[in-house]
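Chains: A, B, C and D, in written order; residue numbering restarts at 1 for each.
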Amino acid sequence: MTVHSRPARPVLLGQNQYGKAENRVVRITRDGATHHIKDLNVSVSLSGDMDEVHYSGSNANVLPTDTTKNTVYAFAKEHGIESAERFGIHLARHFVTSQEPIHRARIRIEEYAWERIGTSGAGAKATGADEAGHSFVRKGQETRLTQITYDGASWEVVSGLKDLVVMNSTNSEFWGYVKDKYTTLKEAYDRILATEVSGRWRFGWSDDEQEMPDWEESYEQTRTHMLQAFAETYSLSLQQTLYQMGARIIEHRGEIDEVRFSLPNKHHFLVDLEPFGLKNDTADGAVYFAADRPYGLIEATVLRDGCEPRIPVDLTNL
Amino acid sequence: MTVHSRPARPVLLGQNQYGKAENRVVRITRDGATHHIKDLNVSVSLSGDMDEVHYSGSNANVLPTDTTKNTVYAFAKEHGIESAERFGIHLARHFVTSQEPIHRARIRIEEYAWERIGTSGAGAKATGADEAGHSFVRKGQETRLTQITYDGASWEVVSGLKDLVVMNSTNSEFWGYVKDKYTTLKEAYDRILATEVSGRWRFGWSDDEQEMPDWEESYEQTRTHMLQAFAETYSLSLQQTLYQMGARIIEHRGEIDEVRFSLPNKHHFLVDLEPFGLKNDTADGAVYFAADRPYGLIEATVLRDGCEPRIPVDLTNL
Amino acid sequence: MTVHSRPARPVLLGQNQYGKAENRVVRITRDGATHHIKDLNVSVSLSGDMDEVHYSGSNANVLPTDTTKNTVYAFAKEHGIESAERFGIHLARHFVTSQEPIHRARIRIEEYAWERIGTSGAGAKATGADEAGHSFVRKGQETRLTQITYDGASWEVVSGLKDLVVMNSTNSEFWGYVKDKYTTLKEAYDRILATEVSGRWRFGWSDDEQEMPDWEESYEQTRTHMLQAFAETYSLSLQQTLYQMGARIIEHRGEIDEVRFSLPNKHHFLVDLEPFGLKNDTADGAVYFAADRPYGLIEATVLRDGCEPRIPVDLTNL
Amino acid sequence: MTVHSRPARPVLLGQNQYGKAENRVVRITRDGATHHIKDLNVSVSLSGDMDEVHYSGSNANVLPTDTTKNTVYAFAKEHGIESAERFGIHLARHFVTSQEPIHRARIRIEEYAWERIGTSGAGAKATGADEAGHSFVRKGQETRLTQITYDGASWEVVSGLKDLVVMNSTNSEFWGYVKDKYTTLKEAYDRILATEVSGRWRFGWSDDEQEMPDWEESYEQTRTHMLQAFAETYSLSLQQTLYQMGARIIEHRGEIDEVRFSLPNKHHFLVDLEPFGLKNDTADGAVYFAADRPYGLIEATVLRDGCEPRIPVDLTNL
């Protein structure tokens, strides 16, 4: 057996992190016959004084990833899961404060929403309730996201969502663009605008001395503003719609300083039905081909004046 | 260039079919400012007098798959999409009756549901409506399915759904099973029961002389009965729950003769927290590990007495 | 607590099966410093006297799916994994012969291939070998498949593969087809033919009295014949190529009686570069757009004369 | 129609980029009867003077994403595809130098490898060759990657790969780690070490005045060094193996200044077979459960002394 020791330079270790990814934890709480679910996918990533494990394989500073997994499950019982954000804050604080070599913890969480199944007439008679207390169907719409980062001094919370597919069937145009020798696209005065939203928003909260936002309410309100801005913007470009979605959030949600979106333009092409003697006018209701690839991809950060952009450009990339 | 002609026996052609799969067609209809979406994925599969194209490559009997694609888009405009089932019936009839060599058409359709985006106060004031007339968010829950088969004489319609994830957080037990030398499982008296429903149901309707079911209403009602049976069955095994889900449909929906389910048992394992000095009792609200693989897989057909089972065992396989 | 008992008719139970799906088992064997891997995904499905578990929830006849999982791992140690087929035969025989209520077992297996990592000069000097004895890279090409079914009397073995993507960059034409009012496709005299092969082949072996095929050699040879037939067929239609692939197997492999393929036509469309003043001739080397959806889908069974077709049409469906 | 104009502050636009993603381009070149394939997935992302399209929807500075798609196909014909890197360089230079408002172009490319199908005896006799000249099977192992960024002055090329699954069946230990109250893991002295490599490496080349690396040879050599380092490192932690893989590249490939890996620890758990009276010793060849989630995730940058780290931490995240 040969153990490699740290090689003579010139090869250095740069940024590094480790942990257990995708711990699937489900917490049920019972309020009499009415149960509640929190359904999360939790990824732990730790950094700190970790040179030696890379150079020589010494694990003296390494809390095993298996232990970080155990901690996720134990904390779900000990602290409950009031919100994904609060749960991540408990975890991050624990790792940084309890292990001297760990200087920074990043917790990423996906959350899946569930809704109650309605009871039948017979079921309602038996239980006196319109909804089953312990029966659920997964909502299946967007995936809610959060990322908590803590370095022992200050917090960064970036929440968001992905997989939310939206469409405006009118009130979208695209014209007046640059034309070069490779341009063949025809201008459009009434097109479908559809996208699958991947968004992240960063909170101003960074310090235990500040009052924490109400994470659950913030999420619901932010999602609503974003959807309404999408619906209510008469769009001349997906960039314009993106900006309006971000601006609406910044304007209405004082707890959020920065928003970043990655919006694929899910093209719906008007089908040419003239060869079959058919008109396919949008005004009349039309038939579209929903294409897979390629797709336009529009990405941007929208920022409260005076705030620094800190959401990484590659965090939301597809 | 060498053209292979039909080889001397002993190699025969058996069942064969061809067509264009996964035509993504979106139809918007406009009722003033209120728009409606039908969003389908349509697969065409044709059979008939097709020996020669296999043996010699002669395409004399072959309607190109590209043409079947064009037909899907043209029919969406010409006939509209009242329901996936009716749309499939139009297509199947067309291929069988218009092309002499085609003796049988099978149309498979996936349908994706959308819901309207609610308007903001300002938006509502501008439009006088609570919901945007032309702005939608994809529901993202189950995928609705149908399969239409026509041979020129009779119809078979099998509808269903997939991707619908449901959970009961109590009222499920599992005990009293066979124990052999490889059995280590502990009996459970209060467990989570969760599954991702893949179901198909076959309609009795088979003849143009019969009145057609109301496909949209049938789907909504069938889905509801299925969910309620899942919620309201006190379960001693997933097999029992499956049977109740199928029986509830057969009992309430006279238009349906046969149901088949493929139900993965999405295991939620109670986490052992004793090493950390924590009790993890279900009665108290518990913490679970949601596992990926392996999973139990329960599949069965439930049938109206007197009817023949015709849904293929492998149609719903995972 | 209410236990549903078997309802009054008219709702009957039809075909049903259950078991543990996707047991990921890896077996390493050591031949001195040279190790060997078998990497399988094993799904168990059992049928028999199972009415009561569906009607009343009684598990008295139910061997838990957890036990079938344990059996997979124990058998991997006890019997080894000489081939996926032999391993499945051990398992199927065990379940049917050891449990009276189980009348039929179906074992489905996916197998992933690995190849050895070549050693560096220094590594070779240290070990005296060109290849590392215990270091592997996953081959990542096709997924090998088998399905073993046993009812206590006779065996059915259907092997095959999926995910194998192949392409002929010439020697493919498509013309002389039916043209109706929805046909716009132009005839092609030199096109790309590409597909992702999903194939299954059924062995004649069905009886413990017969000599078993050499499953490993059979797989390698069948795969080779199939690829060569794909490469060497001058194609006038994908149906013709499919038939040649099946016929080549039947002609060369006496142990195989039936083959079924599901071949998506992975369209590569010649890009129209004329708007940019460029010719894009195939003879000259051309540029193609590789499309995702829709795709042609060609499916057929090829059969040894005198044999019954038994591979289900829906086994290979995409 | 209402066009939103730029809102009064306080909402600013931050980093933004746009383009057409996932253009699937296949280029065939013909050398007599011997054909060659380049099979790419090309994503274009442009930045520059784009405030107005976000604020007011004016497209006056916007080259349509459709045009960037056309350019990809036209350039594949005009310039050929010598390597993914050179192709990306052609594209990036074009967008930045031909469009005044575009100040920066980032081209990301995935490349899929193909290998030739061997001919049968008959085929070889007909063509005089062991391999078909125009018939290919997709290799299906790793996906090769590159990212080209150009701002009109200097170049950054980051190449790499993903989806490459590797395993050492011995020569891996894990012990001597931190133990806290949540630690239950047992130390391991002979375990499987498996990972799915996602790696990126940044080239020193940044200037048209410098000689360009041989991109094809660099890729092959880098991949080989990385695999050999994985195979030949006796591992006390996956971090140590990661560092050795990066260091081997830096030491052998002078054209590369920085490497970043994201390595999931694909856990293979030794199965406890004692309940069945079986020993499952590694020394004897053992049986493992290959787990899906959770997984350890080890990420780090390895750097040539004196070089700045520039590969974003989130570029390789899973």
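Simple rule for what comes next: a residue touches a chain if its C-beta (ideal position, glycine included) is under 8 Å from a C-beta of that chain, and two chains touch if they have at least 3 such contacts.
Here the structure is a predicted model, which is why all the values come from computation and not from measurement.
Participant: Work out which chains are contact partners of both subunit A and subunit D.
Facilitator: Neighbours common to subunit A and subunit D are B, C.
Participant: Return the chain whose centre of C-alpha atoms lies at maximal distance from the corresponding centre of subunit B.
Facilitator: Of all the other chains, the one whose centre lies farthest from subunit B is D.
Participant: If more than half of the interface residue numbers appear on both sides, call it same; otherwise different. Which is it for subunit A and subunit B?
Facilitator: Same-residue interface.
Participant: Hey, what angle do you get rotating subunit B onto subunit C on C-alpha, to the nearest 5 degrees?
Facilitator: 180
Participant: Could you grab the centroid distance between subunit B and subunit C? Build each centroid from C-alpha atoms only and quote it in angstrom.
Facilitator: Each chain's C-alpha centroid was found; their separation is 23 Å.
Participant: Subunit A to subunit C: how many Å between their CA centres?
Facilitator: Chain centres of subunit A and subunit C, defined by C-alpha means, are spaced 37 Å apart.
Participant: Could you state the distance in Å from the CA-based centre of subunit A to that of subunit B?
Facilitator: 29
Participant: Going through subunit C residue by residue, note those that touch at least 2 other chains and give them in order.
Facilitator: 24, 70, 74, 171, 182, 184, 275-276, 292-293
Participant: So in the complex, the part of subunit D that touches subunit C is made up of which residues?
Facilitator: Residues in contact with subunit C: 24-30, 35, 37, 39, 70, 73-74, 76-78, 114, 117-120, 122-123, 126, 132, 134-142, 163-171, 192, 224-225, 227-228, 230-232, 268, 271, 273, 275-276, 278, 280, 282-292.
Participant: Taking the complex as given, what residues does subunit A use to touch subunit D?
Facilitator: On the subunit A side, the touching residues are 1-4, 7, 9-24, 43, 45, 50, 53-67, 69-71, 74, 98-99, 101, 174-180, 182-185, 233-237, 239-240, 242-244, 246-247, 250-251, 258, 260, 264-265, 293-306, 309, 312-315, 317-318.
Participant: Where on subunit B is subunit D touching in the complex?
Facilitator: Residues of subunit B touching subunit D: 181-182, 184, 275-276, 292-293.
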